[in-house]
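Residue numbering begins at 1 within each chain, and the chains themselves are lettered A, B, C and D in the order written.
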Amino acid sequence: MDDIQARITASFNAQSLMTTLGARRDSVADGEVQIALPFSERLCQQHGYVHAGAITSIADSACGYAALSVMPRDAAVLTTEFKINLLAPAKGERLRAIGRVVRSGKKLVITLGEVFAEEGGARKQVALITATMMVIETGTGLRD
Amino acid sequence: MDDIQARITASFNAQSLMTTLGARRDSVADGEVQIALPFSERLCQQHGYVHAGAITSIADSACGYAALSVMPRDAAVLTTEFKINLLAPAKGERLRAIGRVVRSGKKLVITLGEVFAEEGGARKQVALITATMMVIETGTGLRD
Amino acid sequence: MDDIQARITASFNAQSLMTTLGARRDSVADGEVQIALPFSERLCQQHGYVHAGAITSIADSACGYAALSVMPRDAAVLTTEFKINLLAPAKGERLRAIGRVVRSGKKLVITLGEVFAEEGGARKQVALITATMMVIETGTGLRD
Amino acid sequence: MDDIQARITASFNAQSLMTTLGARRDSVADGEVQIALPFSERLCQQHGYVHAGAITSIADSACGYAALSVMPRDAAVLTTEFKINLLAPAKGERLRAIGRVVRSGKKLVITLGEVFAEEGGARKQVALITATMMVIETGTGLRD
């Protein structure tokens, strides 16, 4: 588990988009990863809410790392597809994306994620995502 | 049409995430909008390709503005859901997202989008998106 | 609640595809509906498993009726989109689709559904669906 | 090409759900397959339109066979996920699903499909689907 934490932390830190958005890797468990994104006026759509693209970015990364946490040590992860339903306007102090593994196969790992807006101790779900992650064997030149 | 162009330009400029990513509104036609995103090392995932979240951000905005271009003058647009298939690693000089209206209803507008990676005059499709956009009447406090 | 049960039963019985497939409405609760589909050799794909289309049919209906159970009395329901991940080959004595409401809005209801294959007391998840249901006011000629 | 036609015809005929619904394999080309479904009162939802599950069944099969048409001779095809947008109520003399390959990879083939309602020479699009098909090597016990 320490090994998984270290690998996911290193990979997360190598995702420059996460830094650009201001996202932080939060908890990592076997099959579940959380990413937090503090609200910023740099991340909005035209009505002042967090843009669907920013919501999706942390949801995708949370699902991808949840998948990676159950893959073989020498595998890398690649998103092949996801679908997101946006449930409510995203505003508040921060967003939290929680990705979980639904089924782990040899070639594909299927994940389900939720994104919550947090404000003053309360939270409200703002998005629901399902994503397919591909298991990439690392003789391919990809590394996590 | 000039009016549509002006409205979409104003709305796009109000999307701070587009500025943060470095995206630029490109052509606007009736039912089709293009957005370009120059490659930047600030937008990557752990393998050095453009992160799915950045790809999705411009795909969602292109589809949303394509939808807005066919809505009544006083309407605003809100994404309710989208699904994206990632077809190939995204690298090159720039990405180009093209959003098009497939069906325009009173309450919902359905769109189809493609994202291409461009390099030295050649282009390769890297993503395919379908998105549902909601028509919001502007007595609701939302403005585009 | 009795009223909801009666409305959903009447509507389900009017869905001729459910009869053609051999599906049965099972439990109905506020925001959750179950549909069972006994295995039949009439429902298969080329490898002898239940066809994705049959799996999807009961998943869509379960989600649609879950949505209807939280809508106003005089509303009808229409599916606008869904996405399904197929997790494992579908075989066994019967399939069970469980649809649940994730968010209930005035115009749209978002649902999440699971389909399980049941065999000898054990069950295995074979599909995961997210679906958007539209609230249709019944001055439109549609009835449930 | 004759070989592909023969393989797809044999596989289609082995899909008992297609027979149960009354669907017919129509044209087969390299990377594009069409399936027709005559309207029947056995296939409807509660408002008398063709049920989304029946629409999806032929859309999935058309996309799956389009994918199979570009796979190696000894491969079988399995649907891993799809998403469908329902654009208009499905009624008329028949439905026609057209599946096309968007990208063909070694492990996954991505497809895009459209479903039209046909009536008296005219046609109207009723659904849009994107689907991921898996390439299954046939030492696995699956055959097409």
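Simple rule for what comes next: a contact is a pair of C-beta atoms (placed from the backbone, for glycine too) under 8 Å apart; a residue touches a chain by one contact, two chains touch by 3 or more.
Since this is a predicted model, take the numbers as computed values, not measurements.
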- [ ] Could you name all chains that are in contact with chain C and with chain D at the same time?
- [x] A, B
TODO: Count the residue numbers both chain A and chain D use at their shared interface, divide by all numbers used there, and answer same if that is over half, different if under half.
DONE: same
TODO: Consider the two chain pairs B-D and B-C; indicate the one with the greater count of contacting C-beta pairs.
DONE: B-D
Open item on the list: On a C-alpha centroid basis, what's the spacing between chain A and chain B, in Å?
Closed with: 21
Task: chain B and chain C: spacing of chain centres that average the CA atoms, whole Å - done: 32
Task: Mean-CA-position distance for chain D and chain B (Å) - done: 29
TODO: Two or more other chains in contact with one residue: find those residues in chain D.
DONE: 80-81, 83, 85, 132
Task: Residue ranges of chain C touching chain D (in the complex, touch as defined) - done: 11-12, 14-17, 19-21, 41-47, 51-54, 56-58, 60-61, 76, 78-86, 142-144
- [ ] Enumerate the contact residues on chain B facing chain C in the complex.
- [x] 80-81, 83, 107-108, 132, 134
- [ ] Report the residues of chain D in contact with chain B in the complex, numbered from low to high.
- [x] 83, 85, 87-88, 102-103, 110, 112, 125, 128, 130, 132
